[in-house]
Amino acid sequence: MPIETAPGLEAGVLLASILFCLGLAGLMMRRNVIFMLMSVEICTNAAALMFVVAGAHWGNADGQVMFIFVVTLAAAEVAIALALVLQFYHRKHTVDIDQLNELRG
Amino acid sequence: MSAQELLAILPLLIISAGIVILLLQVSFWRGHRGALATTILTLLLAIISCFWVTGNLLGDVSSIQVTALLLVDHTSLFFCLLLFLTAVAISIMGFNYLRLRCDPRGVSASYPEEFYILLLLAMLGASTLIFANHFATFFLGLELISLALYPMLGFAVTGEISPKSEQLQSLESAIKYLILSALSTALGLFGIALIYSASGSLDFNAIASRMTELSQSSTLFATGITLLLISVAFKLSLVPFHIWTPDVYQGAPTPTTALIATVGKGAVIGFLLRFFNTLDLFGSEVLIDMLAIAAIASMLVGNLLALMQANIKRLLAYSSISHIGYLIVAFLIGKSTFGTEAVIYYLVAYIVTTLGGFAVVGLVADANEENMLSGKHPQEFLIDAKNPYHREFYRGLLWRSPWLASCFAAMLLSLAGIPLTIGFIGKFYVFTAGVEGQMWILLGGVVVGSALGLFYYLRLLLIMVQRNETAETNSNGTLVIATSGQFLIATLTGALLLFGIFPQILINWINAL
Amino acid sequence: MTLLAIIIILFAGGLLAWLAERYFQAGGRWISLISLLFTTVLLTNYSSFITSTEAITDNTWWDSLKIPWIPRFGIDFYLAIDGLSFLMLSLTIAMGIFGLIMTWNDIQFRRGFFYFNYLWTLAGVAGVFTAIDLFLFFFFWEVMLIPMLFLIAVWGYERRIYAAIKFFIFTQASSLLMLIAIVGLAYIHYINSGQLTFNYNILLEAQVPSDIAYWLMLGFFIAFIVKLPALPFHTWLPDAHTQAPTAGSILLAAILLKTGAYGLLRFNLPLFPESSILFAPVAMTIGALSVIYGAMLAFAQNDMKRLVAYSSVSHMGFVLLGLYALDTIAIQGAVMQMIAHGLSTAALFALVGALQHRLHTRDMQQLGGVWSKLPKLSAVALFFAVASLGLPGLGNFVAEFTVLVGSFRSNHWLTALAAIGLIGAALYALIMMQRVFFGKLNKRLEKPIQESNTADLNVRETGALLVVAALLVLIGLHPQPIFNISDKTVQMSVNKIESALSFQKFPPKISPLQVHSSRVEPTSIEDNTP
Amino acid sequence: MNFIFYITAAIAVAATTMVIFHRNAVHALLYLVTSLLAIAVIFYQFGAPLAAALEVIIYAGAIMVLIIFVIMMLNQGDSTVVQEQAWLQPRTWIGPALLSALLLVQLILLVSNGQISSTQTFHYIGPKQVGIALFSHYVLAVELASMLLLAGLVGAFHLARRKKINPGESSNAN
Amino acid sequence: MQGLLAWVPLLPLIGFLTLVAFPLFNRHEPSQRTVACIGVGSIGIAALFTAIVAISVFWKNPSEIVNIALWQWMLVDNLELGFNFYIDWLTLVMLMVITGVGFLIHLYSVGYMREDADFRRYFAYLNLFVCAMLILVMADNLVLLYLGWEGVGLCSYLLIGFWYKEPANGAAAQKAFIVTRIGDTAMAIGLFLLFYEFSTLNIPQLTAAIDGPDINNEVVTVACLLLLGGAVGKSAQLPLQTWLPDAMAGPTPVSALIHAATMVTAGVYLIARMHPLYLLSETAMTTVAFVGALTLLLAGFSAIAQSDIKRVLAYSTISQIGYMFLALGVGAWSGAIFHLITHAFFKALLFLSAGSVILSLHHEQNIFSMGGLYRKIPLTFICFTIGCACLAALPFTSGFYSKDHILLSAWEFHQGINILWLAGILGALVTGIYSFRVLFLVFLGREGSASSHCNDANTPVMTIPLCILALLAMIGGLLAPPLQAVFGSRPDEDHSAWIEGVAIAMPLIGLAIAWKLFIYQKKSGEKRSSIMQFWFSGWGFDWLYEHLLVKPFKSLAKINHNDIIDNLYKGTAALSRQLNALLSSSQNGQVRWYLATFAVGSVLFLALLVAL
């Protein structure tokens, strides 16, 4: 069932790109690990958005299926990430990612 | 999905079943040895099933398509076999590592058994990735490896038995890898989405059928491929996406390091071979140029970084960067069977050697740890010579533990590509491939890189044969390595020498499978 | 089979020596000596070829052994021996025995491992001199380096690690270029003929487009002149020589350097005659400059071993000059120089080693007036110093003279330049004699001499040195047998070059298209093995 | 319809910008939820109601809540805002922002070069179609996704665990 | 009978080997008597053999040529060299001089060296020298000649530096070897050129080859000049003469044998041997003549200024060899050889006498410390006087005949007064001055500081050779060898009497001047006028070479002591280390930086895509 007058694929791609880049920017500029995780989610979400838009464009379900997988991944990843963040906070009593620089050189 | 299709993915099924069984086993009866046994059994069964599936691939049936998602063929089965064998080795390394650091009774809340579950999960991901013929399975396989790796990298965090510094480093490596890998995944996903936008399909075959149209019509597709390539390059730690490698390798428990360095890369290479072959991307000059630049940069930067490195795990990490660079040279000649053969041979060489290297490093550290736990030596990490991951710890090792040191020397020589070792034959393949492709600049890069590489391999090698100048350093004493570890190292060294001196055996296998 | 047996005995002897250390300390050197003597006995199998060089059939090789090794690449384990190989092999074993005897008591630390490395170096070199499959050649080329590396790095002097790594990186990096060239040659032959092989005999006939051949030739050339060593790749040599233990220096100088020269003669000239002709002026210039430069630097040194090392650079420059004169006499001279230099320099290193063993220094500023205390050693040193400066009647003279006579026919000025090196040789040899052996006894030496009750050369050392001296005299006065033995190999190279020259003069008509089709069409190396 | 798309897109971008620049974690998270809701609306517009629903339920619902949970567990107090202020100086964010902008420009350049016209029609793909695809075509992938979740579970289980008897350390961990 | 000739060089060699190998079989040093027997005996027998052959074979037939082929030395391509001997009258003359004079000097050495601990080493070297010298003169090809040529150079080096504990001796020895080596190298290049041109280095073949029709004269000239380079080096002629005065650091019998009688005349022999070649090139001949003329004058003047008795003799040797070169240059081949022989006699006599003086004065060599010694060592005085007379070519001495021959040839060469002849005449005057100067200063006049403790150190083994040599020096003029077969005979011409007169008068004038100037000279000698100082330093050649060649070379060597080329590699290594440091600093452990590099990498890859 085609939907009329929907915004173009290009618009979707643009939006996803903008969101992705915002996520990337957030990832690079925030020192708080929680914020970084949020930024990662923004990036992942941007990719997910692309899938759905492209799926709609081509009219097949693959896009949404991939969306579901991406969401699954995001959930599992966040679970592990948060567990690590907790351990990090317990040991270092900070959420500053810059404190995590013992390994270098 | 027919029975034939199901049987074709028997290795996957066996691994999955193994995971479930192990999960149940652990929930009812925790036991380190038991978990190890189940793991190894699962892996062995999977290996046997690989052979069995190969046996089915006779005559005109050279590959079996399992739904649209997976494709089983000779090359991928060989990769599977290789990685499963690697997993067996890693589980042995893991056993020795966990034996000392996890409390079997769980008093300090560190159970070793999860390691094996995660290992099998990673193997499932790896084999999925290898069989992948569809972006969904590619993505799931890749992420399965990553998700299993995060906790494995941070495995030492829980429990208080492992040394404090190890715990923190493990945590750090896990967080670093997680954040960077998540970004790379997102980028890769974005790339896949772009490819999907351009082609309307996630199936490699379907995309391949539209290739000519796609590559001419839009840059959307090319952008997607590039982003995907970046993501893959990250996993392969090609320069400039290599930067996580040393930190993660250093901080992680050594078996995990071995896993990430071998399985993590081997599976991706396997995927890349299939992906490039199916989509016939070797014709795309831009991609080839990108890979070539990344390869040269990897060889040079990897070796330059390793030059003055004193921490052996970091050193191996840097060297693995450069080795993947060499491998890409063989990869670039692409389509021909020779290219594939060269890539596989080099990969085998790389895996055997890297595994051996990390096995020695890990087992030496374990032996040292055991000495410390039994109170033979006080815990002093401040002195380099007391840090089991530091170069100085290996000073005069040949005189203290001749066999161990000889094996390690063989590994180092193999890494440096010296004859009598498998690394030499691998390098020979790279050179032959480079000559065949007439990629002189890349070959120049290989030569320069190898020359740089010699410096640090040799320095480590020569430190092992140095006489002890002072009695102080002598106190490290003899290192006694667990029997399973000895067996592992001996096997790897044996393979390294066997395939180095009689490469035809391995070549026959590669071509037969 | 004899060839294989020689190599296997050396490898096995090395392993045995290592293992024997556990049971009895002195086992290693006896096992080494026995293995070496055994190989000597095996070598006498070929005596019939020496005496009747003319009578053999047109088969170039005296003996060969071919076992398939890696059929995938058409690589065989293919050993063969001809006159040149025989000479080099004899030199290898002779100098192996010499080094062993001269340093009989020198090694205290981990003797077994030392002799393991010692024999493995020799085995590798023996392989290099007999391998006829290019891949196998490269294989041995590398194999000989590792034990040498250990010899330097474990038993060397102060800066051993630095020297060992430098030595290894130089030779290894350059040999990778050779590997590329070898593969390139085999690949081009494969494209042309569809047969993938690394067999030297077959590759001799390979048709290589001339500009590609030039690059391939350069690949070989660089690998070989690094080993030789010639300007500007010589700088590893002084360090390696200086830091190596005496036995290591002997092996390095007497044998390992020769592999480079051997490679040039065996591979570079016959495989790429046209390119060699084109390249000859450059190579000769390098050779002549090496002669002069090496001599000058030898003169400037304070370290005795460094002096001898730089003299090697100078001497090997003659080899390069002679080989690339592309003239029978000059090439024969180069072969002779390989042998003569092997003998004289090995003895000099042995003497420096003996001196250092007794006086604990090899710095010439700390030495002086040794003659009065160690007259025998000094007299022998005088002999070899004089040999090294090319005194007629000794082997080096015959070699240098024939090289120069021959090269003069191809290039007057470069030869004249190289001849100036003869003055340089006199300078450094005499300055060494003057600073070390003549003059008043250095005050710094009085203490060590009194303390250690320093003895002059003992019977073992004297015997070994005198045998080498006698050999040098023999070569100097009656070099003809050696010329005869190597004649066939040299003729083969020269014939190749001459036919290439005549080809250049009267080129067959080739359409311009063919001439420029130097970029070969890529073809994949398919697996043809069953 | 396009109008609504642009509005929601603008909201999503604005909310996301707020996320990355906001100093209070909880506020930022709320902005993120806003952004996700806006994207859900876009999904709906593109004829993907299932995706829209999942976006709201799983992303905005489950994942964000998980993060809020952790923020609360860490319970760093008001000092965090000040700290974030100190961490987020223009000096630190200008570089990453420029870099991201550069990437964006490149992406736009490459993507808008494409030949895909903006007037193309879109198709409605309902939950049914997705469900059929999931359990026919993608059944193996679904199984693998379950393994993915298992990995997440095992990993989180292992990593989050702490010493049982731990009198010295903070008790708010569990 | 001819086979005996092969033993002639072999005997000294055996002597040498026996002496050298002695400690191998015997723990103790051999007694002096044994050593002397071996050392002197071997030469003695060689001399005997030479005499036998000379009388039995050559006496009867002056154009006799003996070829002795020992073994094939080298046969490569067309380079064919045998270890063969070629003996004609020229060789025979040399053989007799070498073995004869050599034997006498060996004998003398037994006495002279009797107190030296290194007796055995001395005789070993000396025997080796004789062997090499014999090979030099007997060689039938130029390479074998070169063998002997270098061999004598080596022995000269060893014997000059015989007393090695004195660093100055070593330096002198080194100088001698290296300076001659420069000449030798020129000669070697000459050999290469000859081989290149004629495809043979065999002397008879070579002389046969140059009879051919199309001979490239330029090549011959260059080859001759290169050979001359060798001759000049070995015979201490300009410009390579500087080593000989310093070579006097060796024991005096050595100076007599090597640096007066035999080795230094090898250059003369070489040119005489190669005379067919030189005849083809006028340039070469002229060069030889002028080198000789110039050298004889320069060295003669230098001799006047010397204060060391041996240095005087050394300069006189240079000067006399200059005469021989002059003779060669004007084509008076037999004249040159004749002078060579007589010079060998009288110069050996002079040196041995000087040696006896030195020994008697306990190694005092400064002539200003001597004086009035004729009473204390009369025999030596007589011998020395005879020697000086010969040297100055007083009439009826052997030197007179030979020198006269040379002067006449020089006169003939250009048919009249010419520079060469004038130089010879002036040289004769100078010779007279310096030879009598040293005679007067040493033996006559007031006693010097060292004269007081003079003991006659002569033993019979020393006096016998002295006497024989004195006799030979007196009658040597009658022994003109029949060399026509070798050089071809030239018609004798009548000369105006005044030429002879001038030749006779010059030494006498010299004698008078010497008497006038030196007989009552104060025994200081330390203060010299600037011209004397200049002469004393040998016309500043040493200074010139020191600053022109030695110092630049040394400083160059010193600058490049650490091998500049190595810096290339050191630089590469340093660069690698720098890059390593740079790259390592990129691995700073900061996650946000890592993310940034990731972004940069992505940007770069995409940029590649955009660009392509």
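Note that the chains are named A, B, C, D and E in the order they appear, and that numbering of residues resets to 1 at the start of each chain.
Going forward, a contact is a pair of C-beta atoms (placed from the backbone, for glycine too) under 8 Å apart; a residue touches a chain by one contact, two chains touch by 3 or more.
Labels paired with UniProt names: A = NADH-quinone oxidoreductase subunit K; C = NADH-quinone oxidoreductase subunit M; D = NADH-quinone oxidoreductase subunit J.
Because the structure is predicted, anything quoted here is derived from the model rather than measured.
J.: Could you run down the chains that neighbour subunit A and subunit C together?
T.: Correct list: B, E.
J.: Could you work out how many touching-chain steps separate subunit C from subunit D at minimum?
T.: 2
J.: Just grab the chain with the largest centre-to-centre distance to subunit C, centres being mean Cα coordinates.
T.: The chain farthest from subunit C, judged by C-alpha centres, is D.
J.: Contact counts by the stated rule: is the higher one at C-E or B-D?
T.: C-E
J.: Identify the chain whose mean C-alpha position lies nearest to the mean of all protein C-alpha atoms shown.
T.: Per-chain C-alpha centroids ranked by distance to the global centroid put C first.
J.: Counting only C-alpha atoms to place each centre, which chain is farthest from subunit E?
T.: D
J.: Between subunit A and subunit D, what's the gap in Å when you average each chain's C-alpha atoms?
T.: 5
J.: Just curious, how far off is subunit E from subunit A if you go by their C-alpha centres, in Å?
T.: 95
J.: Quick one: report the Å distance separating subunit A from subunit B, using the average Cα coordinate of each chain.
T.: Computed from C-alpha means, the inter-chain centre distance equals 27 Å.
J.: Could you state the distance in Å from the CA-based centre of subunit D to that of subunit E?
T.: Here the centre of subunit E sits 100 Å away from the centre of subunit D.
J.: At least two other chains touched by the same residue of subunit E: list those residues.
T.: 584, 587, 589, 591-592, 595-596, 599-600, 602, 606, 609
J.: Can you tell me which residues of subunit D touch two or more of the remaining chains?
T.: 95-96, 99-100, 103, 107, 110-111, 114, 116, 137-138, 141, 145, 148, 151-152, 155-156, 159, 162
J.: Which residue numbers or ranges of subunit B touch two or more of the other chains?
T.: 136, 140, 143, 147, 150-151, 154, 157-158, 174-176, 179, 183, 187, 194, 197, 219-220, 222-223, 246-247, 455
J.: With touch defined as at the top, which chains are paired up in contact here?
T.: Pairs flagged as touching, ordered by label: A-B, A-D, A-E, B-C, B-D, B-E, C-E, D-E.
J.: Report the residues of subunit A in contact with subunit B in the complex, numbered from low to high.
T.: Residues 9, 13, 16, 20, 23-24, 27, 33, 36, 40, 43-44, 46-48, 50-51, 53-55, 57-58, 60, 62-63, 65-66, 69-70, 73, 76-77, 80-81, 84-85, 87-88, 91, 97, 100-105 of subunit A touch subunit B in their complex.
J.: Can you name the residues of subunit D that touch subunit B in the complex?
T.: 107, 110-111, 113-116, 137-141, 143-145, 147-148, 150-152, 154-159, 161-164
J.: For the complex, give me every residue of subunit E touching subunit B.
T.: Where subunit E meets subunit B, its residues are 576-577, 579-581, 583-584, 586-587, 589, 591, 594-595, 597-598, 600-602, 604-606, 608-609, 612.
J.: Within their complex, state which residues of subunit B touch subunit E.
T.: 175-176, 179-180, 183-184, 187, 219, 222-223, 226-227, 229-230, 233-234, 240-241, 243-244, 246-247, 285-286, 289-290, 293, 301, 304-305, 307-308, 452, 455
J.: Where on subunit D does subunit A make contact in their complex?
T.: 1-2, 5-6, 9, 12-13, 16-17, 19-20, 25, 28-29, 32, 35-36, 39, 42-43, 45-48, 50-51, 54-55, 58-59, 62-63, 66-67, 69-71, 73-74, 76, 80, 84, 87-88, 92-93, 95-97, 99-101, 103-104, 107-108, 111-112, 114, 116-125, 129-130, 132-134, 137-138, 141, 145, 148-149, 151-153, 155-156, 159-160, 162, 169-170, 173
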